[in-house]
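As written, the chains take the letters A, B and C, and residue 1 is the first residue of each chain.
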Amino acid sequence: MATRSLREEPAAGAAPDAEPPVTTLPEAEPERLSAAYQSWYRFSRNPTAVIGAAIVVICILAAVLAPLITPYPSHVGAVVDFRARHLPPSWEHWMGTDNVGRDILTRVVYGMRISLLLAFVVLGVAVPVGTLLGLAAGYFGGWVEVVIMRLTDIALAIPGLVLLMAVATVFSPNLLTTMLALAALWWTWHARLIYAITRQLRSQEFVEAAETLGASTFHILFREILPNCVSALAVKTSLDCGFVILTGAALSFLGLGAQPPMPDLGTMVAGGTNYLPDYWWGSVMPGCAVLVIALGFNLLGDGLRDLFDVQEIR
Amino acid sequence: MEYLVFLVRRLLWSLLVLFGLSVVIFVIARGMPGDPARMALGPTASADQVAQLRETMGLDLPLVTQYVRYLGGLAQGDLGRSLLTGRSVSADISDTFAATFELVLATILIAFVVGLPLGVMAAQWKDRWPDNSIRLFALLSAVTPTFLLALLLQILAGYVLHVLPTTGRLPIGAGFSADITGLVTVDALLKGNWAILGEGLRHLILPAFALAAASVGQVALTTRASMIDVTSQDYVEAARAFGVPERVRVLKYMLRPALVAPMTILGLSFASLIGNAFVVELIFAWPGMASYGVRTILQKDLNAVMGVVMVSGAFFVMVNLAIDVATGLIDPRVRLGGRS
Amino acid sequence: MTLLSVRDLSVSFTTYGRTTQVLHDVSLDVPACSQIALVGESGSGKSVTMKAIMGLLSTPPARINSGQIFYDGEDLLTMPPARRMALRGTAMSMVFQDPMSSLNPVFTIGDQLGTILKYADRRLGRQRGRAGRRARVAEVLAQVRMREPERVAGSYPMQLSGGMRQRVLIAMALLSEPTLLIADEPGTALDVTTQAQILKLLKDLVEAKDLALLMITHNLGVVRETSSYVYVMHKGRVVEEAPTERLFAAPAEQYTRDLIAAVPRLTGPALTAATGEAARQGGGAP
């Protein structure tokens, strides 16, 4: 009950809460506080969740503030300084310089922008689409279920990378096609997740009660069932942020993603492989950046799973 | 009998997925804006040349007719002609597929041979140091980009320690042709050529482990979770009460019901494994489908790319069919339809 | 003579750093060829007593603080582990409660019974080959009135009905010709008619084979039907013991009276099918 009222707070508006301080039951307010406090307490005592959240926040801040905090913002573009090429990591260049003398740290921070943008756009499309389809398939059943779930099975059979290869032959490879192709495949995972939960909830009493009372389908789907999917969805989305970034990096590593001179992490790794093993930092540094972002989202997702006590549903 | 019904059902389902896949690929290739013939020939070609190519490619026919033709070709294993090599795409792919297959097979083998014992150990020593280190490993293997791991392995084992070869399937000029199964290691074994078998394995180790790391972690974690789940079941307690030794309880009573989950997971994530296989192939210059695929993309060779996509999808379907067959054998609940 | 004798058994559990004593000086006797019931509500300690006797308590969190458990004059708690292992599941055997979850879903009935028999044989130094085990499994399945024992042996648990699975669990207990059978509320998970049949079967088998039976249950109807002597447990203590007839006629303890009063139909539908006589006393449908 407590979480429910917390969640509906912004939607219901602050007015009813602000107006009657007298009529509010004395124990109601502390109870709410303690529920929020409890969540925060459990979260803050979970070291992996805190580390994960810290990594994610730092990465996002660094990406947003990139022009202000990077030492050589001009190195993002096609700058060439051959005197400074292949400098090893030092105080001036924490991650060294690349084959045309650009500061790798600067480019890595800007590369994070692209990676995070990719993750947000792909999941921004895939999560709502997958959720809607999963809700529909799980709740309505019948042919809706058959069509949607068979579609997800087919989409699951297409290797994302290989589909992108096909798309990239028709269009020229760039960041947008990467986003489109990943989003076109990623919704299946969310559809499967929401479908599984909805199937379980459909026959539960609070849903049946709402049906008996004549609640609209819209109300049942979005007010009764969806709120129960939120925690599982949050965990899955956090984990997926990491995996989208990993997949996107693999794609651009193959030359199918963002094109140079855009500072994409996967592209930078690929560019650096020509100079291995002597100038290893050109590949390893951006690769490690991908690892750190993915690690952050993974730890955060695991922490959220512990926090919400979400069971793994495949 | 039930098993046969189960197999036929899974087989029909696989065919349906393949059919759906062919539609998706066709739509992407033909339904998108742009003229495949113009793309193939480039902007400098004359209108006549383009029209001629359109005709030979059958692009002037209605879309449905084109699709029926495409599907008919697929059924006979005909993927069309590659504009890049001038040969039939199926011949090109069958030349390169064996190498990819060998790499993926080795990866699946490693995932289970290493991942299962790790998962069992983690479950047995839950929350103690073996469990914690295995979970840490699984986490790191899940978040490490495959290309980073492949590069690090290549640098470390190849360039720093000089213990393993960093590129190819065999040393240059080894003069061995894998003409029985197409798999170097298996053919060397069949022919009793131990030197080549050793070389083949040495070349296989780095790419296979780079590709397998994530799957090893995944298999270990899933096995751990389902083993822990099974531990609290009454039937394990009953076996204990009747004096079945612990070794038998863990390896028979618990492991077998726990096997289905990691196999299913591996099947589901096989699509991303194929994607990563392409990355690994490029880094280790492994002569598989990846280099062919990437080359044909750059040349806008649509038939070849469609072929690679179709074969990859079919590979996924086949592996999942094999996993269905195996899980059906292992767990009667799967084949008797107790759960899907 | 007394086959099983529990003397002043005290057990405590330590969880989250807190120790709770769950058994306080529990004593009970099971003479050879007798049918004894141990009755109590959930959490009364009857299951812990059973687990202690069978040696199934996980230590930690459980700890046996004091007491002895004599089987045939030997203390189970101090005998060498190998000797105890040899007894467990053979001479003293057990009928599990839940037919749905006590059988491994991925092995056939014959495989599971055969495996248990194989290791029982090994502990007891008996020589029996694969064919011998298969014959013995079929024999025991026939004893629990399975019509096609060979076919049942080749089935997976999910192919059998609940009642059949429960009979398989009884067969499992009979494999090594035990002298003492401990039954943990068999059939509770089944519908009342099937449960009555199971209890009838169990009673017939126990009488035919001259076994000692310790029936652990929360159901006083079951107690009246299957036992001649009762121990009543409450909050980890044996609060009353008496021959069954006397306990029902003149319960001494207030708790026992409450327990009896709480069951309006002692010969309710659960026993209708088994005895037939209860039907006349008017047990309606539940």
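Methods note: a residue touches a chain if its C-beta (ideal position, glycine included) is under 8 Å from a C-beta of that chain, and two chains touch if they have at least 3 such contacts.
This is a predicted model, so every value here is computed, not measured.
**Student:** Moving only between chains that touch, what is the shortest number of steps from chain A to chain C?
**Tutor:** Minimal hop count between chain A and chain C: 2.
**Student:** Out of every possible chain pairing, which has the most C-beta contacts?
**Tutor:** Chains A-B share more contact pairs than any other pair.
**Student:** Computing the C-alpha centre of each chain, which chain sits at the greatest distance from chain A?
**Tutor:** That would be chain C.
**Student:** Determine the centre-to-centre distance between chain B and chain C, using the mean Cα coordinates as centres, and give it in whole Å.
**Tutor:** Going by mean C-alpha positions, chain B sits 51 Å from chain C.
**Student:** So what's the Cα centroid distance for chain A and chain B, whole Å?
**Tutor:** One centre to the other, that is 26 Å.
**Student:** If you look at chain C, which of its residues touch at least two other chains?
**Tutor:** Answer for chain C, listing residues that touch two or more other chains: there are none.
**Student:** Tell me, which residues of chain A touch at least two other chains?
**Tutor:** Residues: none.
**Student:** Mind pulling up the chain B residues that touch chain C in the complex?
**Tutor:** These residues of chain B touch chain C: 233-235, 237-245, 248, 252-253, 256-257, 330-333, 336, 338.
**Student:** Over in the complex, which chain C residues touch chain B? Could you list them?
**Tutor:** Listed in rising order, the residues are 54, 56, 85-86, 88-90, 93-94, 96-98, 101-107, 115-116, 119-120, 123, 156, 158-159, 169, 172, 175.
**Student:** Show which residues of chain A lie in contact with chain B when the two form their complex.
**Tutor:** 150-151, 153-154, 156-163, 165-171, 173, 242, 246-247, 249-250, 253-256, 266, 269-270, 273, 276-277, 280, 283-284, 287-288, 290-291, 294-295, 298-299, 302, 312, 314
**Student:** Mind listing the chain B positions that touch chain A in their complex?
**Tutor:** Chain B reaches chain A through residues 16-17, 20-21, 24-25, 28-29, 32, 34, 39, 139-140, 142-148, 151-152, 154-155, 158-160, 225, 264-265, 268, 271-272, 274-276, 278-279, 282-283, 293-294, 296-297, 300-302, 305-306, 308-309, 312-313, 316-317, 320.
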